[in-house]
Amino acid sequence: MEKKPVKIVTIGGGSSYTPELMEGFIKRYDELPIKEIWLVDIEDGKEKLEIVGAMAQRMWDASPYDVKVHLTLDRREALPGADFVTTQFRVGLLNARVKDERIPFSYGMLGQETNGAGGIFKAFRTIPVILSIVEDMKELCPDAWLINFTNPSGMVTEAVMKYGKWDKVIGLCNVPVGAMMKEPETIGKTLDQLTYKFAGLNHFHWHKVFDEHGNEVTQQIIDAMYEGKDGGIPANIHDIPFFKEQLDTMQMIPCGYHRYYYRQEEMLKHGLEEYNTIGTRAQQVKQTEEELFELYKNPDLDHKPEQLAKRGGAHYSDAACETIASIYANKNTHIVVTTRNNGAVPDLPVEAAVEVSSFIGATGARAIAFGPLQPAERGWLQCMKNMEWCVEEAAVTGDYGKALQAFILNPQIPSGATAKRVLDELLLAHKKYLPQFADKIAQLEAEGVTIKDDVARELTEKGL
Amino acid sequence: MEKKPVKIVTIGGGSSYTPELMEGFIKRYDELPIKEIWLVDIEDGKEKLEIVGAMAQRMWDASPYDVKVHLTLDRREALPGADFVTTQFRVGLLNARVKDERIPFSYGMLGQETNGAGGIFKAFRTIPVILSIVEDMKELCPDAWLINFTNPSGMVTEAVMKYGKWDKVIGLCNVPVGAMMKEPETIGKTLDQLTYKFAGLNHFHWHKVFDEHGNEVTQQIIDAMYEGKDGGIPANIHDIPFFKEQLDTMQMIPCGYHRYYYRQEEMLKHGLEEYNTIGTRAQQVKQTEEELFELYKNPDLDHKPEQLAKRGGAHYSDAACETIASIYANKNTHIVVTTRNNGAVPDLPVEAAVEVSSFIGATGARAIAFGPLQPAERGWLQCMKNMEWCVEEAAVTGDYGKALQAFILNPQIPSGATAKRVLDELLLAHKKYLPQFADKIAQLEAEGVTIKDDVARELTEKGL
Amino acid sequence: MEKKPVKIVTIGGGSSYTPELMEGFIKRYDELPIKEIWLVDIEDGKEKLEIVGAMAQRMWDASPYDVKVHLTLDRREALPGADFVTTQFRVGLLNARVKDERIPFSYGMLGQETNGAGGIFKAFRTIPVILSIVEDMKELCPDAWLINFTNPSGMVTEAVMKYGKWDKVIGLCNVPVGAMMKEPETIGKTLDQLTYKFAGLNHFHWHKVFDEHGNEVTQQIIDAMYEGKDGGIPANIHDIPFFKEQLDTMQMIPCGYHRYYYRQEEMLKHGLEEYNTIGTRAQQVKQTEEELFELYKNPDLDHKPEQLAKRGGAHYSDAACETIASIYANKNTHIVVTTRNNGAVPDLPVEAAVEVSSFIGATGARAIAFGPLQPAERGWLQCMKNMEWCVEEAAVTGDYGKALQAFILNPQIPSGATAKRVLDELLLAHKKYLPQFADKIAQLEAEGVTIKDDVARELTEKGL
Amino acid sequence: MEKKPVKIVTIGGGSSYTPELMEGFIKRYDELPIKEIWLVDIEDGKEKLEIVGAMAQRMWDASPYDVKVHLTLDRREALPGADFVTTQFRVGLLNARVKDERIPFSYGMLGQETNGAGGIFKAFRTIPVILSIVEDMKELCPDAWLINFTNPSGMVTEAVMKYGKWDKVIGLCNVPVGAMMKEPETIGKTLDQLTYKFAGLNHFHWHKVFDEHGNEVTQQIIDAMYEGKDGGIPANIHDIPFFKEQLDTMQMIPCGYHRYYYRQEEMLKHGLEEYNTIGTRAQQVKQTEEELFELYKNPDLDHKPEQLAKRGGAHYSDAACETIASIYANKNTHIVVTTRNNGAVPDLPVEAAVEVSSFIGATGARAIAFGPLQPAERGWLQCMKNMEWCVEEAAVTGDYGKALQAFILNPQIPSGATAKRVLDELLLAHKKYLPQFADKIAQLEAEGVTIKDDVARELTEKGL
């Protein structure tokens, strides 16, 4: 029985990641016969969409396959009949992320894309938008899969299930891919010899590794990494080592983002240094992005440039393509994704979104039961999941008290008057993208609350 | 890196199933390079062991592979260096099973190999033996996998984990294989187009089915089966249909053994008819076995005979070979096995043994999280699992009160004086194999309790 | 600060229990200053209402208190301003209960008011009515407490919370009261010396007992009961002893209704004997009721007559009065009631209704955390609670498949064609009171299903 | 039946709290007829023991009751026949607490008796000692109750149950008493009109309040407290208000110690101010203690002096006396205690120690089922309980990795190199009291790790 050719819609199609996505699709064309790709973006992203759209078409034209790349600013034009909708949009663009970073840092607090105050506000801006996309999907492509790689990917994916009541969704992350690419060679193995078991949340998971005889080699990898072997840290995470005594005790390998929680002091210090010197991560990324788009403009470029790998999200799009191909071709590939728990991580409720080793096939992700964690990891996990629930509920309701609860519970935010000030300033700074908080923002404005002078000036100077 | 050739030890090697096991190994030699096979049995099974052992060697000799089949009555001679130990022994042989059936039936109660009073007593006899095997394995082959297909497979496997503290164990069952072989064609599909999701306990699981687009087709299969399509009922289960209204409501397909619970009246009636006429299942199997061993004696027979398929456990051994090959070659095959829950069936504790869809590889079974059941199935499941725990605890401790609790909770046993009588008679009947209950049995004897006259006479007449 | 005098509304006020209720209120007038009592009944119960209403007024007139007893056939007239609404109605009166008993017994199956097929159908008739009462209460007396003692009290109370979304409800049962009144003297103690810990479901709970030094005396009471001491079995439960080995193992005392589960054989036999001779329990109760109402007609009778104690529900009303007084006066009395679990019985979900030792005060029932049960009791409990959920869902939706699932799971009903026949006949027999099942009943009628001839004739002869 | 007169043994009897304990016992003599009291202390506390012992005897002599106060430095002399053993000892005396505070503060981190690094080390010192007391009790007074008010009371009590396998233990805290004494008047009520529902952990619980009509008044109390009414903050907690938006959202009242978590910034700042000026809390308490002991020396003083109330633990001893009297007289008094969860706080495992509203009687604490918490509180609770488990396991095993895990998870400790340094310095500072960590301490010494110079000098100067 033949399957129909595939229609892909990519929301946030003007992203610099799109060429990697195209490359992934081209590589897998035999098992995933794509008919058409729609890149969707908003008015503010029109220029980028056109640049990257032309580049994408060139990539397909240079391939043996006849695929048409459509560009549109109206997602309702693109969605009808879609088989897969991928989301990689960024509400407020990188400028919003700069604020997520610089406002907390201006008060000596971590500002990071998916962690701390920054991550919370990215969720506040993104969740209402993804929910409106889901509403359009219910109407225009009710059988499509939603493959999300918009950050904070865990919370965004969970909101789709919990508030959007949409189950055909998978959240993606490139971090596990990185670990699986680098770790095997630290112990002289290849990936296909090893069995990986991941469990946790997006940007907050741990894993164990076993060799071809079924013996656990987690400790060997830990030992190897402390002897200087590269364990696959994402480019956007500053390389502070974990305490070896901690890893020896937990007998699991944390993901790179755990550094924010296990080496809070050093990560904050490093972030503040960048804040005060070369600029925060978003500012660095803006630079990289500009360079990338300069490259993309080159009408002779018809393949993914090397430089893209420097972007933090390398392999993200590749993971997405593999996920889509595995669903389409029912491949039962092992991929680490965010999906409904269903008991896989028994320390969390069955309905929670978790990021776990899964086999991906026609029915989506089949999460593998990991079993219970030890107390320390369980404590972290339960803290973070409940924090995420506070964030999502605040994002959906615009309830200030719940936002405050999320801030207070978040381990990156020392609770107190400064934290509340940061919350208030971020509400003001993102006013345009936070209609659900309109009343509270109006109240803050009426009370004369403003963004701290020097930060406001600086943001203005930098054109944010 | 090369893997060393494999040593297999089969406890209960004199079983009539052994040729199927050999066939399975021969078929998979390329991915599972076996070096030697040890068939172990006890003194009482010596003749059968020699017959089936010679037959097994002939099968290998007729194959392109050079494999030596060793026979021994001393498992400690066989175990050293084993990679896989498979268990297919039957404490008390088929005669004990005849008693498990005829004594309950003599009181109008179900007697069945894995269900009701019979299943409980098979567990009572088997669990102490499997635990002593595990003790030997700890000493002689501490890295081996134990692949159990001795019934009641779920409880025996759980006892290995819970009381034997041995985690490298997988319990097997042929029932899911049967369903997956027959159902696809009822809706005009092939197995590789479908995704199966099984969850529950051994001989007490349900499944859902999805097509290559990820759409659920459980209802279509149910409909097809009620239009007369064969859904793969094991040969040893009388074919009483489920109520269609029930299946339409549960939206799952029960396993064949659920007939004992969903059509209790008819299954009991049918069992009693056989008891009063052609003999119970064990008696029928004895006949089949005798015929099989006559065949096996033929020095020209060097392949599995057709007749073996009539035995209830068809595919059991094939499932075992596939499981062993998947572990050895880290194939991540989807097989339905009994393994530690770890959250896969969140309605049961994480440490329970469950029978679920799993991917089998070098680390053993990776159970897939099924998610919570609906109330009716959850009620059944929790009842049965707790009943199993009572049985296992009684099997290990020899505590009569716990045995009585298991009898009272078991849904096949109407509680009351007759049930207690059946419990007492079975204790007396199996005295030789129940050392843990010695004190209680002595007390019953002292009180003059005996097996009902006509049953005792009948068992004697039949040479049991 | 003074509390306002109390208005009580009793739905099913024409019940023979009403005088006990009045006696309970009179006894507690000092702590529960009642202003007015409304007895509500339906047209069919008008005569009884008038008899018992006059009797109730005579009881108050003979007391030192000035309380007016109002009678009405319109509950919406009675409800406004109510502080406590008690429910003791019986949909279809005792005639319906006779059918709940005689139809199952005609097929050799248990028919009982709260257990087996009879209990399920009592729930089917009652739950829609209690939910309509709750709707009226939301409108007319939104601050009132609902004190339910309509059977099956556990399921009815749970339906009020789960489907009625009404939390101010407490379900009552007289069985624990009976145990606490009789057991202490079996070991030479008084109730106030002992601590009782109950947990389970309505008519399906167990308890443990401790002396004034905190030492457990459960075993002593068990021993004493087997030496012939009266342990407080309700009048309506046939006195078959539990197996002592079972109680010695569980180290808990089951409630009387557990006989239906622990001595199923004998309880069924006894029920069938009564069915074939003196008539089922409802028929006996009808006789008792007629005698009671003859007594109540006596214009000189102004106190509860001795004969009422012979009715099965003795102490029910007294428990209700004590509960109401404890709420009103915030007494924190220990009473065993059906209330929201909240973790008290951790083997069941937090939202389930459970029957547990509670302290009753102004906020209602504060359930005491009992902790986990042993496997056998846990298996029973989880089976029964899930069965109850199937019943309630079928009662609310009229879904035949769910009703069938409840029948199949119920341990009193051997599953199969006969069970399905009993289900169908009970649907037909109670047609008038089961509007939610109208479609299925019409279908059965169209298919020509009828109540078995001799039963139908018998019911007609007996004027049912 | 008469109960025998009571023998009390108080470990840490030389504490300044002892007179409050005596006062509590004298006040309750009628319901708790004490025969003898044994005050036990260690050689280092001999002088204090004699002072306070004499004072205690004078208090009894001034009462109408004939009670003998015995003093001993050998607890094995005191324990035989004890009915209640109360524990109020302080391993390393106040000097150790000074180090728990000053070493973390020297690195800008919170040092507090039960929170952060200080609380963890108090647990490290105390748990081995309480476990050795439990071993003596098993031998010398196996029927006695252990009433613990040694801090960190929650972890110490849990360790007694979990590692000591001793169930007759209750942990006490004065914080709930303080709230219940002050809050009612903020809304014009008396305590006996209100129903309090507490749940959480020691020094980390929340409560809800209801009036005599069962209506929740939590919000009214919150509102009243923000209008300046005193809500009963313990004397040792700096009075930083919670954010009202937070309390309005959670609809619960946190305990005073939640300030360390909800207003981390301000609490740390305040602690550092005291550290740099008047000295940390332990230093202040040392001063208070010295004054108290001067008073106690007065041979004319025969009642508890006013000044004792200034000590943070006011009402602690009174709660202990009430608990003991409630057990002895089976009073079923509502007291908030640390006890086995059993489901009362269903967001935590059944075996965890929790601090909850309980009714105290002859069987000890009967915890009231509180039901599930909202996400924010649940996240905090699960984080803290798992952190406590890490601490307890490290305390029992002396495993450095686990200690590090506890430090990293603890919300008061910013993870990183400084945290690890603080851990190491505290190990060195408390070497005498941490035999379980001897190997690690030796290793640190060998590596030349030392306490920071200025802190070491300061501690020496202050005679610590």
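As written, the chain order gives the labels A, B, C and D, with residue 1 at the start of each chain.
The criterion applied here is as follows: a contact is a pair of C-beta atoms (placed from the backbone, for glycine too) under 8 Å apart; a residue touches a chain by one contact, two chains touch by 3 or more.
Not measured: the values here are computed from a predicted model.
Peer 1: So which chains count as neighbours of both subunit C and subunit D?
Peer 2: none
Peer 1: Please identify each chain that touches subunit A as well as subunit B.
Peer 2: Intersection of subunit A and subunit B contact lists gives nothing.
Peer 1: Taking the mean of the CA coordinates per chain, how far is subunit B from subunit C in Å?
Peer 2: Chain centroid spacing, subunit B to subunit C, equals 44 Å.
Peer 1: Whole-Å distance, subunit A centre to subunit C centre, using C-alpha means?
Peer 2: 55
Peer 1: Mind pulling the subunit B residues that touch 2 or more other chains?
Peer 2: Nothing qualifies.
Peer 1: Please classify the inter-chain touch graph. Allowed labels: line, ring, star, complete, other.
Peer 2: ring
Peer 1: Quick one: which bits of subunit C touch subunit D in the complex? Just the residue numbers, please.
Peer 2: 1, 3, 168, 193, 195, 197, 210-214, 327, 330, 332, 334, 340-346, 350, 357, 359, 361-364, 366-372
Peer 1: Going by the contact rule at the top, pick out the subunit D residues touching subunit A in the complex.
Peer 2: 243, 245-246, 248-250, 261-266, 268, 375-376, 378-380, 382-387, 389-390, 393, 399-402, 404-406, 408-409, 411, 414-420
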